[in-house]
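Once you scroll down, you'll see the structures, which are given as structure tokens.
Both complexes shown next keep subunit A, but they swap its partner, so subunit B is in the first and subunit C is in the second.
Here is the complex of A and B:
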């Protein structure tokens, strides 16, 4: 911590000490705000490029830099200067504040995500539950936003978002439970530390598969993008959003994409561990971007499934597999198979 | 408003809709709570004796029967 200035002459050294302190750097620069914004902008460009390659197109090209990498900035400037249209009889405060709340709920969990041994803002003892608690607020917020926009299709999309949560949330938690059993802790730093010798993807492979499918449903990615099904519901729950509100919503959605892929990295892919020739945060971001790629690719490949099929999948397949892996993990822990990896 | 091409919307948007998949919603309410308690167990697995863990696993195993029956009911379309 930095001591408060006592005399006017201390103010400048105080500011320098504050700006160069580890707390300030972690919150503002690296795992914090600026890094998040840059990665989110990169992800919007990257998703368009990947989808374009799948469909034999080129994608963004003209907005400066190699491959139109400045496209997110051009989009942002365009969306900021567009008029924000608020529908007739819409609930104005909710319509404006819910997108900001979504950004908040997507950004705050990054405080507990460890990007390296010392690159974490807060090492919470209940980090995993904290992330789940904040991200599980999304469907309810989406329903409120959809209701506030006073239109038929957003409302249907919001309801579907709620049904989707019924399908994916329990399998997601139970599959994370296997990791908690293996690591013996809910703190994300402890979970990554326990994976120094072996990634949890190996002893908990079923959980990895279930968790990956569940976050695909959570992120409304294509086999499960029922709340925003374009051919049926115009654009789903964000049909009525325009201009800056649309931009803020997309900021929240891509931040959540980054959040959930980094959560997969933390829980199953060994977090920051990797050969020492690259620094820890680089390994973490590399793994996270690979996971994000695998989340993006199905959008160009698969067709959408029905709501009842998704709920049936969640309750009859994913939940059973996740529970089976919990029993398997207890068996592995008690027979001592994992003792050679220090678990 | 991008939808309805800037016209004043026609008809009511905030109507009463039937919440479908009711059995699944009931199961969700039950399993949500169970899931959170399981996290408390998973965290303290290494510190509590093995007998206590077996009780939790037995409880999970016993939960299979009601879960199966609820799924049997939920998969029938007339119960949605």
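Here is the complex of A and C:
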């Protein structure tokens, strides 16, 4: 708590107290806004570099820094100065505001992601449901954006995105349920604390696999990138976006990539826990980047799957696997097999 | 560092936004705007749950109503209605919206009537505020199973609504 300044002489101490307060640092610096922007910029460069290495190319190189790591800044400057094309008879307000809303709803869930024992903005009692509730807003907003651009390819892409994300949301939620059963809490901090002895990846391995596949589909990553299938839909639901709008959309997409990777880290990979020679947030970010790498790699390796295969996989395989693992977890918990890890 | 907004002002703002969005949802000429206003009004209701110290309910409100019901409605509108991809400027002149308002008014009156009739029988002690989620489950499943099932019927109403939207177009 910082008291509001009463006299002009109090203003400077007030500002210092404000800037050094834990709330301010967690919201603005880490794990808040600035850290988020830096990691998202890094991820755009990192993805291009990883894909380039898979395909025996070099990737971004000339923008400066080691390996062209300043490429995202160059991209940002370029995109800001490009003309924003708004299609004929597009719905202008929605076309402009939906990308910003997407960034907002991708950034807000980071408030409950614990990057360390004390590096969390808000330890919500219902943190996991908070993250899921906000990410469930994505498909409808994407569809509205696709509709607002008043063009056939984005619209088809938007519809595909909607049914894909809705179909894979359910296995995602249910596979997270077994983690909730193991930890006995919906708070992400409690979930990580429960993994001090063993990562939930081990007792809930099936859930881990299902969750990982489901977030690949949620993020529209290959082999599930049907909503932006280049040969048939140009660029999918963001075909008509250009300039700054395109940049904001990509910001939201990479933020969601980071969010989902950190969610995997929290739920299955023990969050911030690791040998003590590195600080907790470093462990967390390392694990998250490794997860992100595994999400990125298939883009250079696999082909896109068909629509019917996608739907069949989601509704008849993943859903059943996730449900089976919930029963398995209940069984393991009740028979006391997991009691040696204090679960 | 807490910058506290007086709760009354926040409540009035939230109520205004929710009600306006609800009216918009019924009156909007284009169904898409209706669906968006419906989503806003649902988020407003989630805000009320936060005010009532029920964050879990608020989150589920967003996840189920905005994340699922609005998606269902949007999906139906997009798949079935022809005018969604606007090649022409034509709009249908809708009088259906005001019927919706009448129904909403009737519903509100009947709920108020039921509450007035059942008033003496309602429990007078307020449930404990900020009930942890782990205690919410037993309360719902053991103490109030019937209301839970009735509430689940509400969701099927949403499903029916989406179906009606789909049927209207085919019938024309």
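What we mean here is this: the second predicted complex is superposed on the first by the 343 of 343 C-alpha atoms of A that agree within 3 Å, B and C clash if a C-alpha of one lies under 4 Å from a C-alpha of the other, contacts with A are read in each partner's own complex, and residues count from 1 in each chain.
The definition used in the following text is that a residue touches a chain if its C-beta (ideal position, glycine included) is under 8 Å from a C-beta of that chain, and two chains touch if they have at least 3 such contacts.
Predicted model only: the values in this text are computed from it and were never measured.
> Tell me the contact category for A:144 with respect to subunit B and subunit C: first, second, both or neither.
Only subunit C is touched by A:144; subunit B is not.
> Using the superposition described at the top, determine whether subunit B or subunit C touches more residues of subunit A.
B
> With both complexes superposed on chain A, which partner does A:174 reach: first (subunit B), second (subunit C), both or neither?
first
> Is A:323 touching the first partner subunit B, the second partner subunit C, both, or neither of them?
A:323 sits against subunit B, while subunit C stays out of touch.
> Per the contact definition in the header, classify A:229: touching subunit B only (first), subunit C only (second), both, or neither.
neither
> Does the superposition put A:18 against subunit B (first), subunit C (second), both, or neither?
The second partner, subunit C, only.
> In the overlaid three-chain picture, which partner chain does A:184 touch, first (subunit B) or second (subunit C), both, or neither?
In the superposition, A:184 touches subunit B and subunit C alike.
> First (subunit B), second (subunit C), both or neither: which does A:153 touch?
Touch partner of A:153: subunit B, not subunit C.
> Under the stated touch criterion, which partner chain does A:129 make contact with: subunit B (first), subunit C (second), both, or neither?
Both: A:129 reaches subunit B and subunit C.
> A:312 contacts which: subunit B (first), subunit C (second), both, neither?
First partner only.
> Both subunit B and subunit C contact which residues of subunit A?
Residues 89, 129, 147, 150-152, 155, 159, 163, 166, 169, 184-186, which sit in both footprints.
> In their shared complex, at which residues does subunit B touch subunit A?
Within the complex, subunit B touches subunit A at residues 1-4, 6, 8-9, 11, 13-14, 17, 19-21, 24-25, 27-28, 31-32, 35-36, 38-39, 42-43, 45-46, 50, 53, 57, 60, 71, 74-75, 80.
> Flag every residue of subunit A that touches subunit C in the complex, lowest number first.
1-2, 18, 21, 23-24, 89, 124-126, 129-130, 132-134, 136-137, 139-140, 143-144, 147, 150-152, 155, 158-159, 162-163, 166, 169, 184-186
> Looking at the complex, which residues from subunit C come into contact with subunit A?
Listed in rising order, the residues of subunit C that touch subunit A are 1-2, 32, 36, 39, 55-56, 59-60, 62-63, 66-68, 70-71, 74-75, 78-79, 84-86, 132-134.
> Subunit B touches which residues of subunit A in the complex?
So the residues of subunit A in touch with subunit B come to 85, 87-89, 128-129, 147, 150-153, 155-156, 159, 163, 166-167, 169-170, 173-174, 177, 180-181, 184-186, 234-235, 239-240, 242, 307-308, 311-312, 315-316, 319, 323, 326-327, 330, 333-334.
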